[in-house]
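See the structures that follow.
Two complexes come next, and they have one chain in common, subunit A, joined by subunit B in the first and subunit C in the second.
Take a look at the complex of A and B:
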């Protein structure tokens, strides 16, 4: 082996080892794992790439207009971006940041979810009351499913069989069978539902309602709302509590809920449904993303133009990192 | 399950110079918002087997009695009627449907008396009261520490009512009206404005010119012609209203786009207020799964009712006067300036009740209360 190549390969390992050896509390989060965090900047039409180790900006990538929803392929090699005003999904290489191709998305794509296998992509077309299904390999539209007014939130069960779309003005979670591409049930939730996240056991889906100020936990088998979570923060008016993004840890024990203009992320015990803590983050927090090792959580803060870095184990905000204007989506890859 | 709606609209008389494409209201003002509301309700309705339709739409000329048209709506079977008519006509309509199981929406009349002494339990107001508009403006001006106002009032009775609301808001939020002047230069001062307005706006020192001119006869002419270099606000300049094409935050871009695709023009306040009336029934019916007016009313005034209206937070109806609570936007033609309630105006239950008539100030007494 060429010695210079070997050195390059070894270097990250050596660095990781060195940090692990001199482990300090301040450096612990994410340090053992140098990945990348991608953030879409809605008003800059760009995507910021941040090194998860140094938290330095590696690159600012020009995207289509009004980039919002953002996700990564299961292997972390591809980054999918909803370019809402260009009516397409853009696919980027996560190491070169080059746009590889675009996918048809239907009008005004806002959020989407990838099938756990990496294909297809289910896209919510906010202006058109549709969910569009796109084959990520061929770029062909496989189907369109009419849903409620202003579809946004998209969640898929771990086995890929159940897709949940939320429609903001209709205030419903639409349960879609991914094999038949048909709606099987519509569950009313509180006003303006924005996000759907399955628990890792696939038994429930959590749906946030921005105007309602609540999160509904819906049982998948019976399509019943089994719990409506509410949030109270001293000194913050009820109106400012507007839940949006949700993430649940792989062990299913803890949920994190972004609370919009309340500038907080709620930490929820999924067994008791109790809010354990409110973490103060940047302004108007939209979405959340775990690092691949789940040690770190990132929040995109739309009004303060930054992301907050949260240490999952200690449930503490450790840092904030400047992004472009109006950061909306966030995803972290190895 | 069917939801038959009626829509009725009667405009005030056009001022003589409403003949240019900027100021002339579109033919479908308001009713286009109702149409979008029906579409939105049906998108939701098809999932719960609810069918919303407009069974009658009446556009009444301003010099005609709107009651025959209203009766036609009732005969067509309308159970939910969205009206944009003057206050007196609205009261007649409310009396006509008393105890008939009809829900009547006031989508245009801003008269404070409809929320006070002349309130009716059969009317739900999606139109703001003048008090809401002027309170919203006052909160902002006071926040800016622009506390001294020159009040210019138009020659119509409605302008005097707006001016009364301005005076009430000034008192409520601690602003001072240094002088009130009544516009008396006719309905069209475009040619003479440069001569009369500088003199007309001379007064002791003030921060802002507040204009009470609901038809827009002279208000738009005041800016840049006043004696002192002062901004204009009220019905011209910085306008207090429920909706404007400049509202794009809070997810509003979606409804703005949806409306534009439907009607090929921007959404106006009356469109929005009619849309809100439609959505009030749509939202409530989806949750109650009922078209019984009593069940709908109970839900609307219950603790779970919340209407999403693209201005942040949820809207609801004040049970003491049936007024829809909603933020009021302060905007110029091209840019949004602010939305009230302003931060820092506190309220023990709902900050939206800092604008308009709060419960303790309400003179409305519904029967049985």
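Take a look at the complex of A and C:
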């Protein structure tokens, strides 16, 4: 291309880009540096709110009994918490930390997933072998889907059409069509599946098996296990490797897998399925969450009562921050 | 009152003996999926035994392990150590008196963790040029000793569980026998009858009290592991 033409074409584009960036910065509530990390403390019946910049605790919020799974609305303004022993989901304002309302959840809610649009909420009821669908606006139960025994892991495809629930005792991943609310297929995975995470292209779902010690990568179209990942860490016994939480970067290149009492987070290349690193975090690491800009990953460490802060680019643990007792879930909002 | 202890002990035993994984009876919705083109692989009935597991760890639950925490017989140093392999250091950390003394101080549960961390700081400050090597050996000692202590605790918990099971069996047999032999007031009020009932009451009480201490007993390996992890973090923080 002629350089002058290229300048003429590119300059307006660059300017438009700069304006757009400026607008985003101006309108982003609180900007990137003032983000917050929410952590549920299962044994304290509280939720710790941490400033993502200073890593200081801003507030410890009293929640319902045994708070476990938590997630944020797509705009980051609402925080949903599974109060497992109170059999309800609590909705908090992420800036005032006030409880706004509660949602019916069915008995013993453990984990849930929000539809990408922010409504409805799909909840796994551990004691009842059900997935409960709740409208987040009206608080009405839209339906219940019978699944395997002890359902826990919940993942939803980026287009919101496929829901995957895993059941710990039946050891299956249940593929559910969100429009018909029916199970389309059940796929046997390794023992005690805990978590389901879709790749951003929506083509595969990664399911962790805590007792099996593996992660199954399942093809969405054919419902076939295309890869079974295993983990070996020098100086760690096999039975301590218990995969739970999974997070995959938006570009789909890297997966992070929390390995429970191995106290490590595996960094996996999603193309080659090769484990690049095993980051030493805290004790009994279960859940993971990216910061909204995806530069940072947080891990909740249930036995060392802290979260670890991981720099995603350098794949290094930079800090640990004390929380309440038995931190379970973690989510970060702008 | 005395008669009541028998059935009560029985009821308790039934509760204990019931398999922990028994599910609440949950009526399966009939043919909800099958009406349409249902899944190729159906949901197994909730009453069927678990499907065979392709995973490497399909071993049944260990009946001698009474804790909710999964049994981890020994710790691996990789659970708390990101540095170089420790296999050699674990064999060679002994032999330096100062180090052995420091290890003993660090692992003692009566040493407050803050004091332990300060002692690690002092040691690192005086370690000089080969600080990394010295700190590696120090951690090898801490790990080796705590792991050993913890393994003994785990063995103790298993022994505890076996004793409880034996006691439970004895209470069960005795209470059935007493309910069969002491059918009338005379038998109950006889000297032998009273003695038998008293023994049964005591056994039940011991069983109950031991059961109540189980939560604490099961926490012990966790507490030891936490200490090892905490010390490992401190020692690694002093390395460069």
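Following the convention adopted for this analysis, the second predicted complex is superposed on the first by the 302 of 334 C-alpha atoms of A that agree within 3 Å, B and C clash if a C-alpha of one lies under 4 Å from a C-alpha of the other, contacts with A are read in each partner's own complex, and residues count from 1 in each chain.
What we mean here is this: a contact is a pair of C-beta atoms (placed from the backbone, for glycine too) under 8 Å apart; a residue touches a chain by one contact, two chains touch by 3 or more.
Note that the coordinates shown come from a computational prediction; the quantities given were computed from them, not determined experimentally.
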Inset, instruction - Overlay done on subunit A, so just call it for subunit B and subunit C: clash or fit. - result: clash
Inset, instruction - Would you mind checking which one, subunit B or subunit C, touches more residues on subunit A? - result: C
Inset, instruction - In the overlay, answer first, second, both or neither for which of subunit B and subunit C A:214 touches. - result: second
Legend entry - subunit B versus subunit C as contact partner of A:148, first or second or both or neither: both
Inset, instruction - Considering only the touch criterion stated at the top, classify A:314 as touching first (subunit B), second (subunit C), both, or neither. - result: neither
Inset, instruction - For A:168, decide between first (touching subunit B), second (touching subunit C), both and neither. - result: first
Inset, instruction - Go through the superposed model and pick first if A:126 touches only subunit B, second if only subunit C, both, or neither. - result: first
Legend entry - First, second, both or neither for A:237, with subunit B first and subunit C second: both
Inset, instruction - Could you look at A:263 and tell me whether it touches subunit B, subunit C, both or neither (first, second, both, neither)? - result: second
Inset, instruction - Scan A:108 for contacts with subunit B and subunit C and give back first, second, both or neither. - result: first
Inset, instruction - Determine, for the stretches 58-66, 238-246 or 292-300 of subunit B, which one clashes with subunit C when the structures are superposed. - result: 238-246
Inset, instruction - Across the two complexes, find the residues of subunit A that touch subunit B and also touch subunit C. - result: 127, 129, 148-149, 169-172, 174, 183, 186, 188, 190-191, 211-213, 237, 239, 242, 261
Legend entry - Footprint of subunit B on subunit A - complex, ascending: 108, 126-127, 129, 148-150, 167-172, 174, 183, 186, 188, 190-192, 211-213, 237, 239, 242, 261
Legend entry - Footprint of subunit A on subunit C - complex, ascending: 21, 23-24, 26, 28-29, 32-33, 36, 38-44, 46, 50-51, 53-58, 70, 72-82, 85-87, 222, 225-226, 229-230, 233
Inset, instruction - Going by the contact rule at the top, pick out the subunit B residues touching subunit A in the complex. - result: 40, 43-44, 47-48, 251, 254-255, 257-258, 261, 279, 283, 286-287, 306-308, 312-314, 351
Legend entry - Touching residues (chain side subunit A, partner subunit C) in the complex: 127-129, 146-149, 169-172, 174-175, 180, 182-188, 190-191, 209, 211-214, 223, 233-240, 242, 261-264, 278, 280, 282-283, 303-304, 320
